[in-house]
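All chains are identified by letter, namely A, B, C and D, in their written order; residue positions are counted from 1 within each chain.
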Amino acid sequence: MDNRIASVETLLTCPDRNYLLVKVTTEAGVVGYGDATLNGRELAVKTVLDEYTAPLLRGCDSGRIEDIWQMLFRHTYWRGGPVLQTAMAGVDMALWDLLGKRTGLPVYQLLGGKSRDRIKTYYHVHGDTSEALIARAHEAVKAGAQVLRYSFSTKNPFHPESGRSYTQPHQDIELNERFEVKGQAGGTMADTETQIARWETEPYLEELPDITAALRHAVGPHIGLIHDIHSRCTPIQAVRAAKELEPCHLLFLEDPIEPLNREALELVRAASATPLATGELFNTMDQLLPLLQRRLIDYIRLDISHFGGITPLRKAAYVAEACGVKTAFHGPGDISPLAHAAQFHLDLHVPNFGVQETLRFDPRLSEVFEWHTVTEDGYLSFEEQPGLGVAVDEAAAAAFPYRKAFIPGHRDEGGAVHDW
Amino acid sequence: MDNRIASVETLLTCPDRNYLLVKVTTEAGVVGYGDATLNGRELAVKTVLDEYTAPLLRGCDSGRIEDIWQMLFRHTYWRGGPVLQTAMAGVDMALWDLLGKRTGLPVYQLLGGKSRDRIKTYYHVHGDTSEALIARAHEAVKAGAQVLRYSFSTKNPFHPESGRSYTQPHQDIELNERFEVKGQAGGTMADTETQIARWETEPYLEELPDITAALRHAVGPHIGLIHDIHSRCTPIQAVRAAKELEPCHLLFLEDPIEPLNREALELVRAASATPLATGELFNTMDQLLPLLQRRLIDYIRLDISHFGGITPLRKAAYVAEACGVKTAFHGPGDISPLAHAAQFHLDLHVPNFGVQETLRFDPRLSEVFEWHTVTEDGYLSFEEQPGLGVAVDEAAAAAFPYRKAFIPGHRDEGGAVHDW
Amino acid sequence: MDNRIASVETLLTCPDRNYLLVKVTTEAGVVGYGDATLNGRELAVKTVLDEYTAPLLRGCDSGRIEDIWQMLFRHTYWRGGPVLQTAMAGVDMALWDLLGKRTGLPVYQLLGGKSRDRIKTYYHVHGDTSEALIARAHEAVKAGAQVLRYSFSTKNPFHPESGRSYTQPHQDIELNERFEVKGQAGGTMADTETQIARWETEPYLEELPDITAALRHAVGPHIGLIHDIHSRCTPIQAVRAAKELEPCHLLFLEDPIEPLNREALELVRAASATPLATGELFNTMDQLLPLLQRRLIDYIRLDISHFGGITPLRKAAYVAEACGVKTAFHGPGDISPLAHAAQFHLDLHVPNFGVQETLRFDPRLSEVFEWHTVTEDGYLSFEEQPGLGVAVDEAAAAAFPYRKAFIPGHRDEGGAVHDW
Amino acid sequence: MDNRIASVETLLTCPDRNYLLVKVTTEAGVVGYGDATLNGRELAVKTVLDEYTAPLLRGCDSGRIEDIWQMLFRHTYWRGGPVLQTAMAGVDMALWDLLGKRTGLPVYQLLGGKSRDRIKTYYHVHGDTSEALIARAHEAVKAGAQVLRYSFSTKNPFHPESGRSYTQPHQDIELNERFEVKGQAGGTMADTETQIARWETEPYLEELPDITAALRHAVGPHIGLIHDIHSRCTPIQAVRAAKELEPCHLLFLEDPIEPLNREALELVRAASATPLATGELFNTMDQLLPLLQRRLIDYIRLDISHFGGITPLRKAAYVAEACGVKTAFHGPGDISPLAHAAQFHLDLHVPNFGVQETLRFDPRLSEVFEWHTVTEDGYLSFEEQPGLGVAVDEAAAAAFPYRKAFIPGHRDEGGAVHDW
């Protein structure tokens, strides 16, 4: 069988939101798919893949996955960052998928086999008010959820009548987050102001402990609760949050401070027994390693599509294992089912698996991706197939063309840019 | 005057190698240019600018340079890395150029004015042998150079007859390096092997001290010598080099280890009195700050086009000043004269300026970029003009179309990928 | 295909020295072999496997390699140490061999594929005198060696006529080390005194720099030299050795101090630019991790059979990669060709491979193990086969029955036990 | 008197659970006994002793206890770990017992004599519910206990009707724990599932503070309370437990995290004033020393049979004394009365004795071991005899043959292996 790479192609599809897929085909005709979605910058990743990666890989042995990863990482010289790492991730997943299909084995088996039977998951619950949040949480628990990631909205306390409220990022439990921004659909983006949401951290921090306590009381002591600060606190604000949430026994507090200010995590760490998680914005190991070495976090929230694929995510999980840290891979709607599947294969394999974020995909996705998962009692299982186990219907994908969409911008009440 | 941004355009030109320029025009018709060249991935940066940045900035106040930088940095959510930061750098330089033109002031004046009259520079000298290197150094010194960055080639010691030698990256003193790789021109890249150069660090390390001592002897004690390991040593190899070069009194030893293994710089630091420099591969402050805080380096080698422009480079220089560290901004042929000019403006301004890398550009560049600099006694001066002071001839630029070219790949004698 | 484990069996064979093999057979009849040799304690490992591991694993899914590793590691409660980890290693290698045979793929492909084409190796050269050592080194270099591990003997300086000399552990370049001890063969071990060799570190340390300098002079600057202190120095003696050997540019200095005094490596590390290696006596990650985190070593000398198999050795290599540390896996004659093969598969795969210790096996081994490797110019390649690629002739193995043999004891001139 | 060792023999007996005894006899016919029990791996230790240690020691001077320890430790080269250290421990205790019998002195006298009159002890109390636990605690206190080690069971909170509960390891106050596992007796172990107990840490952590507070309230402020997390928490979970138990004034919290993740104890240490203890899984000093040097623990929980005997345990106690740390030697039912006796001798001797774990042995043990201890007011005393003071009835021992038994395996609700 001729395992040399005949072609590397990209597919950009928007069944409900944009996904960029990578398709690698060998001379023998075996095909592997991977996910290279970088929300809001899809075309940049596509350009990297089409213009640079595809010609470079033609003729390479598709089985030299590690070599290809190293070559793509080092030969650009200018390395790292979301665009290049996401492009690599798409290729890397496709090569593992392809190796699975060549051998007839699911990817988790190639990685060294299962260390568990099923995958503990968590879903998002959001409420604009405390009451609405609790109602959604009750629904979710009734549906079997054992772990919830909760978020809420905070009214502008000085002008409550303005209707302005501060809402944290979340994805709906039934439909995934769409990131559709006002004024954009079908139009130009000339008027950037219309895209902007408002954010102030202090009012949010003021409400956070009470809402969390109410939620904890409502769902009882045994439902795992996760809260995502989404990098919106200063270090000392994060210290306050971590301390005040301590009695609520979170499973973890996510992204307490901005991702590039990693050194300041020491302050948050020293403050409380609240478990900490971070990593969805990391692209390379240098961003993660010091946090593991100094035991500053308890869960790694890496995202397979932005960290460069199965090859480096597996290594990161092993380094975390050596340091006594667990995985909680990022599982948003902004990466495709291929990426979710790849993470599930790792979840089954790595011994230090903690929990997996996931969502109920928009039904339109099933027209493009054929994939069978079952979630029972909060644990997910999937049907075994060679490779990643997700079939892609290219014709259906083509029927959903790319529509440019942006991650929503945020500014504070003084008009300054704020992290989303 | 209506200072709102009317358009953000890109120009890709290849007078001798590829440069990606950003042109920002206000409603009032004032124009600014910036450099967004990312060697080997130009089209990805261009896609970011054309598809995402240009529509976003249309209508923004061109004077809100800081605000635009923050918006571009944070609103993508997925941040950092060479592609996105280089795109931002192009916009940022163009906005400073534009502000200079609006006000009739050179950029250094807008930054707070000069703290010096002229800029100490260094150029590359390369020799395939020790003798050739010394000959080139003599020429350079004769031409006025006070500081030299030297490199050389090392023959494969096991098969000297093979003609294989290990050559360090450098740029020619007269013509800039072209990165043209064998077998590529006009053809496909299917046969990746033909693009590969070989590298082994041990034979190079073996020759380094003797060649350096010979060079030091030849040029005398007063010429500044810089050597660039180009990230090709392991930490302990770098320790060896730093110790063995100690008696040669380098101005600095550059990039002793790979850029993502920054923690290991501690080891190199403890080993010798050889000054250390690093940073050309850094894109964001989080990569630099720990090195400054712990005083692990003596010079920051940041590159304005890859670190995000004048706005963040200025801040980095100020943080370095606070820590007693000097600047030695990256000045290769792979960023355009616009970027060089922007760095020169900063060089004149910052009090902790150390030295500036530069080169003699290929004469073909002067068809595209009109710019007057003079180097005398190793010090560079330039003619004052509003903004950056570099005029761009767009028609000439268009006459040199983009030709895809790659950074050369390296592998060791065992066939494994090696950093370039 | 029924991949459940039908049986786990052990084979103890002594073609020239003792090897303990593990054979795992599935219900479908597929067979995998692994190495569980623990020199001098073979029967203890065999008891673990026969009495405890074999019944436990019967009926388990042979593909759940990670799960089986975790179960064997944690379910004993009393964990770690050479006996238990070596037993696990045998099973683990056999399961990877078996998975390769099921899929028709060599193990390196299952691990993620090659990152290099061939494996840089080193061999032992030993001389009782400086002259003899240099003669052997010349022979080895003539035969193509690029890296040598050298050792020598030191005469008792107070009673040179006594014939007593202090000899470092080594394996012959042509025949592997036999560890046959005087008075033992065919007899009882009642007279323990007869088994004892003498050792004094100071006379050895006195000779070490001169012999090394002479050897370096003889072989020239480009042959890699490795010296193994074999844990026989106190920390400050190791500091002296590392400093005094610095001008000889060792590839690395191995096991400078005793393995359980790992904290003291800091002292040795701070002393010189001599690269350091350790790890052949490590059984679990907790022994390695602090050395990597603090960058105290440059090469990990782990041994696949004593560290628990492919599963943990792969993880250790990845952790080392994150820390900028290379591999130099232990390759003595006291582990079987199956273990050597398993390490070769990892060598081909891991990007941070450094060098591989190996030896020319006794010809009698080829009666038991069928395996084709070629070493050219100091680089090893092997014929690709499914799994580990080593065929075992069980009838031939049975024809070489176990003969109890011990690692030689050492005492100093005062009569005290000394590390071997 | 000829004190040379004539024989080293092993006795494996199972009066209620398995014990492996070592019997050393001198040429003069003096006999010493030691304990070499390694629960669940008895036959591996027996093989080491019968096949390797016994022949090696024949003819050695039985009084060279230190020399024999060093020889056994270093001559294997591959050192440490539970199997080898337990074998050594058996020999070491036997040699001390023998020396006592030769001299007519109890072992504590040979060690340097008493520093106290009697030994403060603690026993286990366990309840499946809070009420049952308190009832057992009241009984124990009524019987004179001053210190209690408490444990409890936690119902599966998601499926309380399932009958599944999470139970911590403990030993019954009257009968020692048997580790008999379902489906095993008289059968094969093919069906590994039947041996598995379930464990989830979060529900347990949820109940721990309330149960502890209730227990503290019930027994009043003056009864010492010990809780054993049994390595089942992640570091941050241990932080939570240590903080939440702080007001309950534990005597100590034991094994808060897994034993090979020792570095993370720093996190737990910084969190609260709850005293910490660990060490029952340590086999060698390198595992303990960093914890003492950094004052991360308050009690050493070493176990004489797994740490290598009286010789190293005495040294460990002395190092702890130097660091201001106390002893709390492991005293489970899984080591024989010989080991308990050896620890009692050390308890009487070392000035930094803290407390001694013990249990009421199964009456069947008194058929094999003749030994007289009295516990009054929580303090233990024993009848003075030469040596360890425990007589072994070999005929009775032979009447209780070995029955293979395993430490129970645990898995979490996702099916992954969990530490016991």
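In this text, a residue touches a chain if its C-beta (ideal position, glycine included) is under 8 Å from a C-beta of that chain, and two chains touch if they have at least 3 such contacts.
Please read all numbers here as calculations on a predicted model, not as lab measurements.
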Problem - Shared interface partners, meaning chains that touch chain B and chain C - result: A
Practice task
Report the inter-chain centroid distance for chain A and chain B in whole angstrom, where each centroid is the mean of the CA atoms.
Solution key: 34
Practice task
Just give me the whole-number Å value for how far the CA centre of chain A lies from that of chain C.
Solution key: 42
Completion exercise
When centres are defined as mean Cα positions, the distance from chain B to chain D in whole Å is 63
Practice task
Find every residue in chain A that makes contact with two or more other chains and list them.
Solution key: 67, 70, 115-116, 285, 289, 323, 351
Practice task
Could you tell me which shape the graph of touching chains takes: line, ring, star, complete or other?
Solution key: other
Practice task
Using the contact rule from the top, write out all pairs of chains that touch.
Solution key: A-B, A-C, A-D, B-C, C-D
Fill in the blank from the handout: Within the complex, chain C is touched by chain D residues 38-41, 43-48, 51-52, 55-60, 67, 70-71, 74-86, 188-192, 259-263, 281, 283-287, 289-290, 306, 404, 406-407, 409, 416-420
Completion exercise
Listed in rising order, chain A residues that touch chain C in their complex are 61, 63-67, 70, 99, 103-105, 109-116, 285, 289, 293, 311, 314-315, 318-319, 321-323, 349-351
Problem - For the chain A and chain D complex, residues of the former touching the latter - result: 115-120, 146, 220-222, 224, 249, 251, 269-270, 273-276, 295, 298, 323-324, 326, 351, 353, 377, 379
Practice task
Would you mind writing out the residues of chain D in touch with chain A in their complex?
Solution key: 157-158, 202-203, 205-206, 234-237, 239-240, 243-244, 257-258, 261, 263-264, 266-267, 270-271, 412-417
